[in-house]
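Residue numbering begins at 1 within each chain, and the chains themselves are lettered A, B, C, D, E and F in the order written.
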Amino acid sequence: MKIKAINPNTTLEMTENIGRVADRYTQDTTEIIAVSPERGPVSIESYYDDYLAVPGLLEEILTAEDDIDAFIVACWGDPGIEACREVTDKPVVGIAEASMYMANMLGAKFSVATILPRARDFIEAAVKKTGMESNCASVRCTDLTVIETETAREATIEGLLEVSWEAIEEDGAEVICLGCAGMGGLDEALEAELPVPVIDSVGAAAVLAESLVTLGKSTSSVMTYKRPESKLQRGYPDHFQFSDESPTADD
Amino acid sequence: MKIKAINPNTTLEMTENIGRVADRYTQDTTEIIAVSPERGPVSIESYYDDYLAVPGLLEEILTAEDDIDAFIVACWGDPGIEACREVTDKPVVGIAEASMYMANMLGAKFSVATILPRARDFIEAAVKKTGMESNCASVRCTDLTVIETETAREATIEGLLEVSWEAIEEDGAEVICLGCAGMGGLDEALEAELPVPVIDSVGAAAVLAESLVTLGKSTSSVMTYKRPESKLQRGYPDHFQFSDESPTADD
Amino acid sequence: MKIKAINPNTTLEMTENIGRVADRYTQDTTEIIAVSPERGPVSIESYYDDYLAVPGLLEEILTAEDDIDAFIVACWGDPGIEACREVTDKPVVGIAEASMYMANMLGAKFSVATILPRARDFIEAAVKKTGMESNCASVRCTDLTVIETETAREATIEGLLEVSWEAIEEDGAEVICLGCAGMGGLDEALEAELPVPVIDSVGAAAVLAESLVTLGKSTSSVMTYKRPESKLQRGYPDHFQFSDESPTADD
Amino acid sequence: MKIKAINPNTTLEMTENIGRVADRYTQDTTEIIAVSPERGPVSIESYYDDYLAVPGLLEEILTAEDDIDAFIVACWGDPGIEACREVTDKPVVGIAEASMYMANMLGAKFSVATILPRARDFIEAAVKKTGMESNCASVRCTDLTVIETETAREATIEGLLEVSWEAIEEDGAEVICLGCAGMGGLDEALEAELPVPVIDSVGAAAVLAESLVTLGKSTSSVMTYKRPESKLQRGYPDHFQFSDESPTADD
Amino acid sequence: MKIKAINPNTTLEMTENIGRVADRYTQDTTEIIAVSPERGPVSIESYYDDYLAVPGLLEEILTAEDDIDAFIVACWGDPGIEACREVTDKPVVGIAEASMYMANMLGAKFSVATILPRARDFIEAAVKKTGMESNCASVRCTDLTVIETETAREATIEGLLEVSWEAIEEDGAEVICLGCAGMGGLDEALEAELPVPVIDSVGAAAVLAESLVTLGKSTSSVMTYKRPESKLQRGYPDHFQFSDESPTADD
Amino acid sequence: MKIKAINPNTTLEMTENIGRVADRYTQDTTEIIAVSPERGPVSIESYYDDYLAVPGLLEEILTAEDDIDAFIVACWGDPGIEACREVTDKPVVGIAEASMYMANMLGAKFSVATILPRARDFIEAAVKKTGMESNCASVRCTDLTVIETETAREATIEGLLEVSWEAIEEDGAEVICLGCAGMGGLDEALEAELPVPVIDSVGAAAVLAESLVTLGKSTSSVMTYKRPESKLQRGYPDHFQFSDESPTADD
């Protein structure tokens, strides 16, 4: 099977890491194709970055080869995931939701350890959207930018350890979700220091995407995630235009 | 004072109507500038349309003249409004939130009468984001497209009457919010037939935007709605790029 | 237009300040009539005060001149506002709800800075009733009585600054609502010291009342806010008695 | 022990029935004193009635003999009960809360069968205030006025049977709470026809008030239900005035 | 009347204390029969203990004499109470729910003071199940085991005082519920030191069970608490087997 | 890897089907060991059945061979799953939670199609415990017993189709979760008739259990799911006894 893991930002080092992590946890027969959009922010830290990233993210689905079996949206916050689900009926898995489901099976309460304080509202919105609010002990922010999670691994581990301990001791967290795709691959280093499981959100999404394909499931297109109406998307290239005749990306 | 009312879709007839309604309810000394983005969908009916509309919407704020005092986002769903609030410290008012606040002061429960069934989830997400869930009796969808609300006024009134009566009699609605910018100007025709107040969401946003300016308020930039970090937005024009030196749109 | 701003307590200095603030933010053509009931507590700090204030508050609506266009209930807690809405179909705006709506458009989370600790439950009940619970970061109490907010302005500013900083730094507040009508007019002094917008609740109610009149709206009388049934209100003066023949205050 | 059961409306036939029911379920050594205030509405069906009833209700506590051990507020909606708890440290039990607690121990979900449709919001507010929202299957209104529940017993039973069946069959109710003090004494007639327990709310409050006295408990006066501050209650008789020296009603 | 108070653990000293407390608060004509199951854990501190206790608890109901009028489940957490309600139509009262109802009538917010930290989730689950979440200020754990609450009364008082003060001062608790049956009889010693009412949960359940009998109520058997279907319970003694012919324990 | 799938009831035909389904969706290198406890009900349809099933279920974990990598609890309702997580640190996955996570990634709202009406409360409790309440459109019951789901496959399909259509058309369901382990293997037959994805809950649990092992995760034992305290479990065999020296099942 082929899974396309889309890093919605345009920093290729992060994309490579995402691919590596997804590949590590999936079966040998599963091919991971990790990509970044052509356009969009080099990192997603604000709602502004988030919204500017989505058209490029959608483009990666709209122009995907026919033989892709599932998609991963590799930004904690699952930006634009509802729109992704409209334009393909292949399963689309967000790393935020995936990590919370895994966490919820391992402990009574989880916390999200993440980047800059300004992202808190954005992160909390993802928790709410997924419906996991009552099981989330806290969102704990560090001072790390997204880029630093990739380029300053030691500082990232240090920052995450600090807020994870706070989450465990003050908020009652029993599991930690790593709240940024750039933190992919750090779960083991953290588990070596912490008394709780740590969820690599990219890894969680990879195995869940694979699972949905194995179960033979497609996204529901009966209502909310129906194919978009045929209409002009002014100023966007042809592959963004849906027409009555055009098939969806995966018909 | 100058208020820029942005219709996030690219249908100019709707933009004109939005301008007319906003002008009608604001003071003589308030100038309404109604615009549509250069790019984006001709109507917003899906999450896909919603996300493709936001970059154009943001562009209208990023390139706004310095003397704009407030912005209106004229699509029920308040798409991208968090990002709008990051790029300007002038007040930004969404027509969804504005109409719900007004409704909440006039009756114990309100319903939203809106377009196609597929928009229900999108509309409900706006209700939740605003925090008005417990006062919302129901979201009632018609079979109307966004364009029809503008071009087929009689059919629109008919469709809205039908679902409004259902909301009143079955769901306990005591106020109706018109859940689409294209329905601007229809409140009086509906109130002539219905026993409850009907909120013109565009009108509600116009008076609220004016009110915030009168009160002398700016958007909070202490945390969530801080100016976006300086970084490359690949593939976007210069006016989308924030740099450390660049002022915000309204400094 | 004429707006009657009712201070439900019987301290006239506070009434005058309320009138001044409401007048400051409304149009020149809007006349503000600020009044206190003949009977009731000199300040509202407990549920007891609250309930003893309501009959006098209702009396001010029941005996209002015919040409009043809207009413303001100027006590954070919006005491008796449901009953007010039953006895008139002119819009009635509470300062609690008004300030929360304004706050909700300016930041992701707001806190209420208010009087004595004992009022916390009363204040929280107002937040819940309005439906704004999920957007309220905290209610922060000072040691100030209602009267002191009017008579000891320096101490009031000091007390409010202290709890506002706590709300911002510990609770994540991005906007502050001033949780007492006696604090009317203090927003600017506080904004000079704080990094967030501060909402003058009386000002917020004034512009919202004006807005509802501008939009041409009446309170819904289809169900909850129907005119009270005709019956004997034993021990109350004539103007409290509804009979089948009697018109409502504003027919 | 002596329990004062206060019917907050001024219809004495109802007061007598309330006394009879409370007496029936309490011990021989418990004396029930059933009273109505001197002033207030003859029935409580709107928020207006509710607020006008509270001063008279408070007066019955403020002027109560020293040897009263507990109070009952006999109106479904528990009007003014927070204020009652401020002015006495003897337990105060509302019939709404009491009936919901009993119902919650007998079935997985309960419904409230009550009076006129306009009371729905008022009744739902009582459910929320008590915190029982998630266990309440529905509020089902009849066309009965409060007075009719007392004077037209056959019609009342018929009306209650009709909505109770709807609650059981359509809403999943497993217990019915009788949502009006005037319905006191009807539980047995209804249980003869219905397959579920029916809670006589007055009876429930009587045994709970007795229980709290037996347990030796007083109302908490540490914060919310502290004695009201000393201040002038303009236009109210002397017994409404709290002064620094005056003891509370039950010191 | 006869009330069977079942201590679901197998520590007889605790059972005796439970009987003593229940007896103290019930009428002279009420006989309390305090028992422990034959099998089950000596104390309930984990979900594991909880689930192993339930079959023994059910056995005490299944084999109860016909003349029992009500049952008490004397473990804070109300383990297995839904199943208890299926096998008898006599009222079954849990000490957790009973204490929360009493607390809710005495203060605006209550906290639960309880045993070991590991029980927090278990205790919180009981609060949620009862529907009292919004009125619960906090769950405060001590370092006490269940057995210590019975055998080390001084240390228990000390531990409870410490966390009760924290609940009052930091969480806003106005009432304390004693969150373990072993704490029965300690309310007075705690009230002597604390400024708030303290609820003896066993006492609360005893008076509520008596109250339900006095009101003449049975558990609803229309749906959720129907008698279990006739089927083989492999490996359980005869009295656990329901057959189509067999009466329920109390038919 | 080895996964032990425990059918908590004692009907072996169902156990075999569970094993078959779990095997079908897991990798060739994954061995599924499907078992039933020695004791417990032949089917779980009431809380009574549920509680009597748990000791046998726990026994299957307590006596599991050392080389088991993960456990599945194959009853929709996830009975006793918290206790299971205390006695092993290998991942434990419930079929209820697993199916809801899968459903939540495929549609905006899901419904659960399940057995007898009496199970509704039990099923809803599982939804709440998992935290998925806000995404659950409805629980729809059939007239099927658990045994019939296994022995009367045609009638089961028919019953499920009927309630699934109701869920889709009346409740807005976009995905259906099969709410009983006995329905394992029916998803394809239902998807052939329905316009939405149907989740085989056993299959979902199987791939999730495999996923957690692949990610290398253990259950958190820092707090709630700590190993039970050492104490006597009276009347239970030796393997139920935890002592200070004894290792956990999987040390």
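Here, a residue touches a chain if its C-beta (ideal position, glycine included) is under 8 Å from a C-beta of that chain, and two chains touch if they have at least 3 such contacts.
As the structure is a prediction and not an experimental result, all values here were calculated from the model.
S.K.: At the chain D/chain E interface, shared numbers over all numbers used: above half (same) or below half (different)?
M.R.: Homomeric contact, same residues on both sides for the most part.
S.K.: In terms of CA centroid distance, which chain is the most far removed from chain B?
M.R.: Greatest centre separation from chain B goes to chain E.
S.K.: As a test of understanding: of all chains, whose mean C-alpha position lies farthest from that of chain F?
M.R.: Max centre-to-centre separation from chain F belongs to C.
S.K.: So what angle, to the nearest 5 degrees, turns chain C so that its CA atoms land on those of chain D?
M.R.: Answer in degrees: 180, to the nearest 5.
S.K.: Rounded to a whole Å, what is the gap between the Cα centroids of chain A and chain B?
M.R.: Spacing between the chain centres: roughly 29 Å.
S.K.: Just the number, please: Cα centre separation of chain B and chain E in whole Å.
M.R.: Measuring from centre to centre gives 52 Å for this pair.
S.K.: Whole-Å distance, chain A centre to chain E centre, using C-alpha means?
M.R.: Using C-alpha averages as centres, the distance is 44 Å.
S.K.: Going by the contact rule already set, what residues in chain D reach two or more other chains?
M.R.: Within chain D, the residues that touch at least two other chains are 82, 108-109, 120-121, 172, 223-224.
S.K.: With touch defined as at the start, can you tell me which chain A residues reach chain B in the complex?
M.R.: Residues 10, 38-43, 45-52, 54-56, 58, 80, 82-83, 85-87, 117-118, 120-122, 125, 128-129, 145, 223-224, 226, 228-229, 231-236, 240 of chain A touch chain B in their complex.
S.K.: Please name which positions on chain F make contact with chain A in the complex.
M.R.: Within the complex, chain F touches chain A at residues 25, 27, 82, 91-93, 97, 101-102, 104-109, 130-135, 168, 172, 174-175, 188, 195-197, 199-200, 203-204, 207-208, 210-212, 214-220, 222-225.
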